[in-house]
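You will see chain A twice below: alongside chain B first, and alongside chain C after that.
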Partner chain A sequence: MSVMTSSAGGGTEAPAKKRRITLPVVLLAIAGVFVLLSALRIITGVDELSSSGTLRATLVAAVPIGLAGLGGLWSERAGVVNIGLEGMMILGTFGAGYFGYFYGPWQGVLGAILLGAIGGLLHAVATVLFGVDHIVSGVAVNIIGLGAVQFLAALTFSGVPGGGATQSPGIDDLPAITIAAISDPLGDLEGKNWFVVSDVAALLRALVTDLSVLTLIALSLFVFTYWVLWRTSFGLRLRSCGESPAAAESLGINVIRYKLVAVIASGAFAGLAGGFLAMVASSSFRDGQTGGRGYIGLAAMIFGNWRPGGLLAGAGLFGYTDTLRLRGGGETIHGLLLLVAVLLVLVAIWQLRRGHRIAATVSGVLGVLIGVWFFLSESVPDDLTGMTPYVTTLLVLALASQRLRMPAADGKPYRKGSAG
Partner chain B sequence: MRRMTKAAAVMSVAALVLASAGCAKKSTDSAESSSGGDECVAEDSSKKVGMAYDVGGRGDQSFNDAAAKGMDKAACELGFTTSESEAQDGESEAAREGRLTEFADAGFNPVIAVGFAYSASVAKVAEQYPEVNFAIIDDEFAVADNIANLVFAEEQGSFLVGAAAALKTESDHIGFVGGVETPLINKFEAGYAAGAEAVNPDIEIDVTYLTQPPDFSGFNDPAKGKTAAEGMYDGGADVVYQAAGGSGGGVFEAATAADARAIGVDSDQYLTADESVRDVIITSMLKRVDVAVDTYLSDVDGGDVPTGLTRYDLEADGVGYSTSGGQVDDVKTDLEDFKAKIIDGSIKVPTKP
Partner chain C sequence: MSDARLKRVALAIGAPALALIIAFAITSLVLILAGDSVIGVWQQILSVPDVRGVTNILNAATVYYLSAVSVAIGFRMNLFNIGVDGQYRIASFVAAIVAGEAWLPGYLNTLLALVAAVLVGALWAGIAGLLRVTRGVSEVISTIMLNAIATAIVAYLLRKAAVDAEGSNITATKDIPEGSWIPGFSLGSDAPNDVYGFIVVAVVVGFVYWLVINRTRFGFDLRASGASESAAIASGIDVKRMVLVSMLLSGAVAGLVGMPILFGDAHNYGSTFQSGLGFAGIAIALLGRNHPVGIALGALLFAFLDEQANPLQILLDVSPDIVKITQGVIVLTVVIAYEVVRRYGVRLEQSLVASALADDDTDDKGAEVKV
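Then we have the complex of A and B:
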């Protein structure tokens, strides 16, 4: 009992002793990535690597993944594994399509959140109240979400002009922000192809050109989540349910209620992710448009070590590689090879200094091989470019996975009174 | 504990019921919504045609809808009784066989399978039911005495819209967005590139496929289509042809945002796409699945059941280009020229890029 109490309090903050990730560190890391990218752009001559178009598309690609990941974060921080994110996202796409078309775009956003939350409620009732295995319930939610949406879509959109059994008519756009006074001069600056300066201009330009309000809301939700879960007593209690529910209950926390709230919120986030996909990334609901982004969101959350900042980085990385592939194809990805080669060689040197000979050799050889591939070829075959996001994620996970720590009681069914 | 188990059991049963409701919906409310206003022949319950759709089904405003249109027309004019059912994304081979077997068992004859995904299942079920006639669209590998393969010369139609793109572009830079890189979509790309190069040998053509098989989500992901097309327009292309099924809407959106132009596919998308993006669609590559289905059913009705390969090409009016919106009217004579040359054989259109 006493052991549990101590782990509940100190568990999540334990790594803080080693190296605290503060705001300056984060900013420095972002700047570092930017300098690297800029250098890569100059060396390879592939402008797409950091054009404002690429960065804007990256943002649009990353937000649904990131929101789904936030859903996973809320749920897993409270100790409930949520593999049903995909199903809740699908419900969200339909919510956006139905309410967005019949009532208006903002109602569409609310509809997406509402339908996602209903999916979350289902998962919450099954796992928290009835103690169903989290994976089984999550898979069921995915199947129910898909089936229910196909049924409802056929019911509501058949015969509607421009719609059909598998798609909604176009939804009106949410307001988007363009600050032309800043955007146009930045565009000129970007065109100059200066080292770092043009890349920063491209990034700023991506942020002031056709930026959907929903994108801003989504980004603020990351800050909101961090604040709620790590800076309020509500959040501390919620996280304690994921670390050691027995200890939490013994301290008078209503574990069941916190878990229910967390999983329903999780569904709402996933629903909003679906809504974003249907309303900002495209502008209609379409059957099957989630394409596994819910699972990728889950992966991004693990990638980010169950923290919002890391999750955002994971979603960004995934969105970026996917965007590069779609926009530039094999030639752009070819430019990325050089970066991967250099990074792997750096990792090899770092591992060698820490005395990890085998890891160093593996990274070194891989790095050299990829470097050779870069210099001997002009482009990456299409069959391989499709894998880029997944390979990148795997690479980073493989290098970082020893440092990941999930909530201690994640995935374990909890019954009221277990503390006794 | 026991009460918990019971409740969980009830939940899972409810879940299953809901899920199967989602799967088994169609096949009931189907053909009555066809060609309103026209006088139709009374349904003849002895003439039953079953149609198994590909993923998307009736209402996809594309491939499946074209097949449905053909069947509706034949049903109206010839009095067929129709029934339909639809494939699910990522379903198993057994599910497709089951769907066809169900039709054959219930006395539907002929049975039409829409899409190459049915290739293996049609071959198998046709062998088990030699007295039932099958037709499969877009596939020439399922061969038997009771199978008709209805295929299209997509490369010929794509050649014409490729020529249109090359004639209309102002930057000598055009693009192609394919949904999934399958041999079928390769045909679209090959014809498009050949047509563009016939007009301008130095033209620059960007090519992107949204996903690689076995990931078929590229046919249903407008967000990916939009990203890919945005990249092309940003890179200087001003006409993009999409053969990406449901992802094509994203291409049109990108074209609208970039104030550029796009080319539709399968049906006349100037008429079916959302109004806000209609003006960017200069033409569409028509693939007359409706003509193929209607012709097939008329032949069946006439007692002369077609079997084996029927290729619907430019000559048979199985493929073509649309002119709604009038944006290709100024180059129409050139396009008709190319069309005549393809039909008389002086231009051979490649099927592989």
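Then we have the complex of A and C:
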């Protein structure tokens, strides 16, 4: 164990003045976001920015991305890059459609997990046992997953009433929870449009109104993952396989087995993400339902610095911007422009104080341009609102990316007995 | 020794062959499980295509080839350009606008549009390259985001630039004047369709790719940076510059991907313009091991499978998507087969060296005894 800790210490030596992210910091950050959103809502007059409806939809949009990201987290923490999440998610959507329609909603959830895990198994066998390049295998899994699902869907759902070659008939809903005793008074409070208070009420209301059980399960999986990977010896060993498999092996850890388990679990998470799309975000399997969310989950994980908390924030950001576009359309996104402009100008000032002239100029000019756009227009064209989540992710990554550190042996092939 | 070399050549050819056989076996297994006619499917897929089919295969392979070369340029540098999709779509759109406006006569117009496509493709990929070298953003993520952004921008601009044909709801750019089309050629007098003339450009691109990567200082620097960044830095290569340049080059080739379709077939950019070519390119580049000839074979194989599977639905009521499973499995099995063969080759070499050493040993001992 002592070897492990010292090697981990060696890895994080470089940024000596690194600030630790503690619970108070996180809570302060969340509070800050709320004050900002609330101010923006009042300044721009766009109520959709923090209505409980928007926040509830955000949750539904963020969960599949977060689950896919969790899949990526498990796999990459064990040192296997998983670009095949998309394919495993697609398998999951079909699993949910098939088992959900023919057997029942809970069986659908299990089916989604099972099919995703099969995709994970494929990736695991190729990368861990045969030493195939992780990206190659991931791409292959994506192709196979898509092809297999299209083939199987045409086989099983053509001719089924309400179904077709590219979609399943409706699946029964999973139970959802509403606590009316809390929800209704919170609704009144939200309607008052008070600064910050109403926004917090909206958030709480979103959490107690029509909340699918699967959403709850998904959120608990974040806690579960954190606990397993960072608070158990199993997790320590698994992460050691991603940091330095040779050192792990020298301590008697069966690296191959840990990697296999991690990648199969990764597939199961991605499958569940697909299942969530088919069963909670909509109520049937459709071809093309994932829409690249597997890749976005991967982006959210990188954004979150390969940690569950950061990943959750990334998925939330993505889900939020995606929801805004769907609910308010151009006008809501227009309100968001002001926020982006102000933030960019703030970043510019900060960069200037640190002496980074070029970075400061770039973000300053961008900020001013977006500000001008905000004041000169009434709304963002509908076609362009579609790119909000992607631009946001890109901007955030561009501003924050240097501080990220991925597992040291991530993506490197490993062969048993290579320690030495 | 020559015996061992012969063995190695046999292994090198055997690997892809073995991979194909395994992929076909797995596909057959899926068909059996699905209860479809295995023999019927293979009879159709492995039948000899007619002239029309061959032309279609060549055309599809041309497009796949350009996409795969674009991806391969990135791979050589350890860069993963998933953004070919967005790059070629935004480039095709701009080229269609430029060519449709016809500011220049005849082929000058074509040339201008091609230059525009290359520049736009390079520019779009360059954003990812710039973010990577200045801000450390992984190109995997940024190119995925840029794909989605390109889709939105093109949809927006297409609506602005579209000319609505009478009684049609297909939005498309202005048609390119006929004098600027790139003529194709037919494979015989009775062929109903033409092979894209652009196939010549694709071959030239493949050759230039080979030349630059394998026969120039730049190509050496590129491969060195891809193989070992620290070694490249130690030998004085500006790795950041190489990342940016190879991303630009990859994007430039990606800009050409849509051109065979634009100038040989569609003649405008509409909402139905073929998408998803970038992802096929990744698989084909992997299949061809980033080698220009290997990529060509991979592109032909993928195009062949696509074309031959098309009639399956009508003939046998089997979904043509079955070949996607085959294609995906081929990518995996080829790589696994190469890896297995490589390990076997290493072992072969080691045992050869060991036995040669053992021989030397006994010789020495013999010599000692003699003395």
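We adopt the following convention: the second predicted complex is superposed on the first by the 403 of 420 C-alpha atoms of A that agree within 3 Å, B and C clash if a C-alpha of one lies under 4 Å from a C-alpha of the other, contacts with A are read in each partner's own complex, and residues count from 1 in each chain.
Operating definition for what follows: a contact is a pair of C-beta atoms (placed from the backbone, for glycine too) under 8 Å apart; a residue touches a chain by one contact, two chains touch by 3 or more.
Since the model is a prediction, treat every value here as computed from it, not as a measurement.
When the shared chain is aligned, chain B and chain C each come close enough to touch A:386. When the two structures are aligned on the shared chain, A:130 is found in touch with chain B and with chain C.
Shared-chain residue A:283: touches chain B; no touch with chain C. Residue contacts after overlaying the shared chain place A:143 against chain B and chain C alike. In the superposition on chain A, A:162 contacts chain B only, with no contact to chain C. Look at A:53: by the touch rule set out above, it reaches chain B but stays clear of chain C. By the touch criterion stated above, A:154 is placed in contact with chain B and with chain C alike. In the superposition on chain A, A:170 makes contact with chain B only, while chain C stays out of contact range. When both complexes are overlaid on chain A, the residue A:397 reaches chain C alone and has no touch with chain B.
On chain A, the surface patch touched by chain B in one complex and by chain C in the other comprises residues 126, 130-132, 140, 143-144, 146-148, 150-151, 154, 165, 292, 383, 386. Contacts from chain A toward chain B in the complex involve residues 48, 51, 53-54, 57, 60-61, 64, 125-126, 130-132, 140, 143-144, 146-151, 154, 157-159, 162-167, 169-170, 210, 277, 281-284, 286-289, 291-292, 322-323, 326-329, 382-383, 386.
Taken in their complex, chain A has these residues touching chain C: 83, 122, 126, 130-133, 135-137, 139-148, 150-152, 154-155, 165, 292, 295-296, 298-299, 302, 381, 383-387, 389-391, 393-394, 397-399, 401-402, 404. Residues 4, 7-8, 11-12, 15, 18-23, 25-26, 29, 33, 55-61, 65, 89, 181, 206-212, 215, 217, 220-228, 230-232, 234-235, 246, 249-250, 253, 257, 272-277 of chain B are the ones that touch chain A when the two sit in their complex. Residues 30, 34, 80, 82, 131, 135-138, 140-142, 144-149, 151-153, 155-156, 159, 279, 282-283, 286, 319, 321-329, 331-332, 335-336, 339-340 of chain C are the ones touching chain A in the complex.
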